[in-house]
């Protein structure tokens, strides 16, 4: 591999890993806190992209505002999902998971009917130009995802470890019974977890809106990768999700460059299978007794 | 002939030591009681012998064959079967069906026969044998009852019937009369006694109920903190100073003296 | 007993008369119904041990690709490739389930997805022999010896026969000791091990038998469509299969059949709303999982009770005067 290609691939991998991080941490949070596996997480991502399409492209709002707006909007969808799907199926991970698969269909059709199906919305890139490093070109639009991802993960970390409700969330993840005894409302915590998960997925999609084609089905590819990341990292571990996100970012980008996208997906899926067989709790997950 | 032997059996759970260098020999045809204070390691011992746990060190021999690393189903196939303290029955099945499905090791219903043969006759065979067993343990009249609807005492007896369906050589009973009223206890004890006297079954039983243990066991092994404290016939154990000390404050034990 | 026989007789008559009572394009729907019946029933077979998988559609695809390649490239006849494809699907099913036997529940579910998807991506990646993303075309039409059975109505009856045979075999298994073993494993695997049941072996057995029949359905489909591609066996289709069994229920043997029939009717009725169909499907799935997780089959005893009441009332009414 040529040196400039290597730099390019490394740079792309870092960006890809950052994108994956923003999508995966929300999923890991939902699963860690209340054993909720959200198949519609990819559709939350898609909704975030559509928020940018509506606010930035259609209404002309500034891009950063549009991105930030994705948080509360998709967080609300997340909370609805918790209330209507996860709460009634509490305790049954598979049932909740399958129901969110149904939700994914619902959201895809609703968005498709509202704003057109199959038409790939090209959203004008707000930040043109690229950074040049060692012969590689990295568009600013893509590069800004790296600090955004760092900020998002850092904010989540701070929240979970230094804010009272955040600590309550962690307590629930570790031992829901003890947490309940300490007066923590499990329902409120679960609602909050899904709000954050949704909001984060929304921001991820919003950031990616200028970079990838915006269609009602754009969640489909990301959800598979998101689950691979969460399984590989350890289903309840945020740190594991970030680590796995970058591992997968590198694997995916390098394999695509060296072979093609299909082989890259195969590599990701094979890694997931390998972890499930050899170390089912994931890289940074805890073994369940 | 020594049927079951554990040689310096140890089991650790992380830093917790559940069994330590436990060596026991059970002769064929014996009825052996295993007692000890709560948390002494009695159920862990059963779990290791029956293959649910693997020993941390030491070994288990059954019929002179080393079974330490085998799965529970392999050990059961060799004739060593245990029952559970909890309600271990298939709740959605009838009593009869529970015992019939436990005929697994002796049923003629292989996959080939199921696909291509006439399994009606083989099914009937399994059910007839199951009915025999239910007759023996006194549950025949309840055979069409749903297992979930049975009283706790009867569910435990069903547990024994299920174990008997495998035609075991060694039966390990985990607290067979726990949570039973006097009538149920008497019934269960009667069944155990019948098994020992009429069928010559080798039986190991873990129990807290001293009356039962002292009543039917020929020899008793006392365990405390995972180690063997004492071993001998009931009379000796009752008067053993170490045993009394281990149970100090345990009313049921003191009351038996 | 008499009621059961009457019931079956009525169903048989309807099944035979149906292709003549509907439009030709709807015979197509009936043929696909046959595939789905085999698919849903075989999925339930796997579920009886408590394992839910996401790879069942892929094993159907294995059957489809196998039969297509056996007839197209090896030139072997359809009546041979059909059962062979089932066997290949069973073998691949074994390769998928074997590494997953250490997990259950969600881990098994998502692991089966990973391995199934890996197989599917092999079809996408390799143009030879699988045809890559475009798949395979010119699959020989179904024929038995000199008889071409690819005519719509003839093929319907052929598939009906295979479906009945498959379901009958699965019924025999369900009713046998092996079926009871599967159900016991679902309820209490530790107890099962204690009575000598090797739980991993039986979980694998259920999975492989299920995969075999999924493969049969796939082979039937391949020769009907004449062309197959990897997109036909995507995760999206898997969700539809899950909808069939969730709507019908899996507790009783007949639940999945009920689910397939009901959902086929729903999809047919919603044909004019074609773009909304995934939403309808998704909403139905959510509804059943959240509100009625037992599926429609739990309503059947209630319906039967009502039916009995109605017929009892009939007997109570005074006879009409002559």
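We call the chains A, B and C, going by the order they appear; numbering starts again at 1 in every chain.
The rule is short, and it goes like this: a contact is a pair of C-beta atoms (placed from the backbone, for glycine too) under 8 Å apart; a residue touches a chain by one contact, two chains touch by 3 or more.
Computed from a predicted model, the values in this text were never measured in an experiment.
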Problem - Neighbouring chains common to subunit B and subunit C, by label - result: none
Handout entry: Of all other chains, the one whose Cα centre sits farthest from subunit A
Key = B
Problem - Centrality ranking, top chain (CA atoms only) - result: C
Handout entry: Centroid distance [mean C-alpha coordinates] between subunit C and subunit B, Å
Key = 42
Handout entry: Intercentroid distance (Cα basis), subunit C paired with subunit A, Å
Key = 34
Exercise for the section: Please report how many Å separate the Cα centroid of subunit A from that of subunit B, as a whole number. Expected result: 51
Problem - Residues of subunit C touching subunit A in the complex - result: 52, 99-100, 102-103, 105-107, 109-111, 114-115, 117-118, 121-122, 124-125, 235, 239, 242-243, 246, 275-276, 278-279, 281-286, 289-291, 293
Completion exercise
Per the touch rule, the subunit C residues reaching subunit B in their complex are 169, 172-173, 176-178, 180-181, 183-184, 187-188, 190-199, 205
Problem - Complex contacts: residues of subunit B adjacent to subunit C - result: 50-52, 71-74, 76-77, 81-82, 84, 88-93, 97, 100-105, 107, 109, 111, 114-115, 119, 122-123, 126, 162-163, 165-166
Handout entry: Complex interface listing, subunit A residues touching subunit C
Key = 37, 84-85, 88-89, 92-99, 101-106, 108-110, 112-113, 117, 224, 227-228, 231, 260, 262-263, 265-266, 269-270, 272-273, 276-277, 280
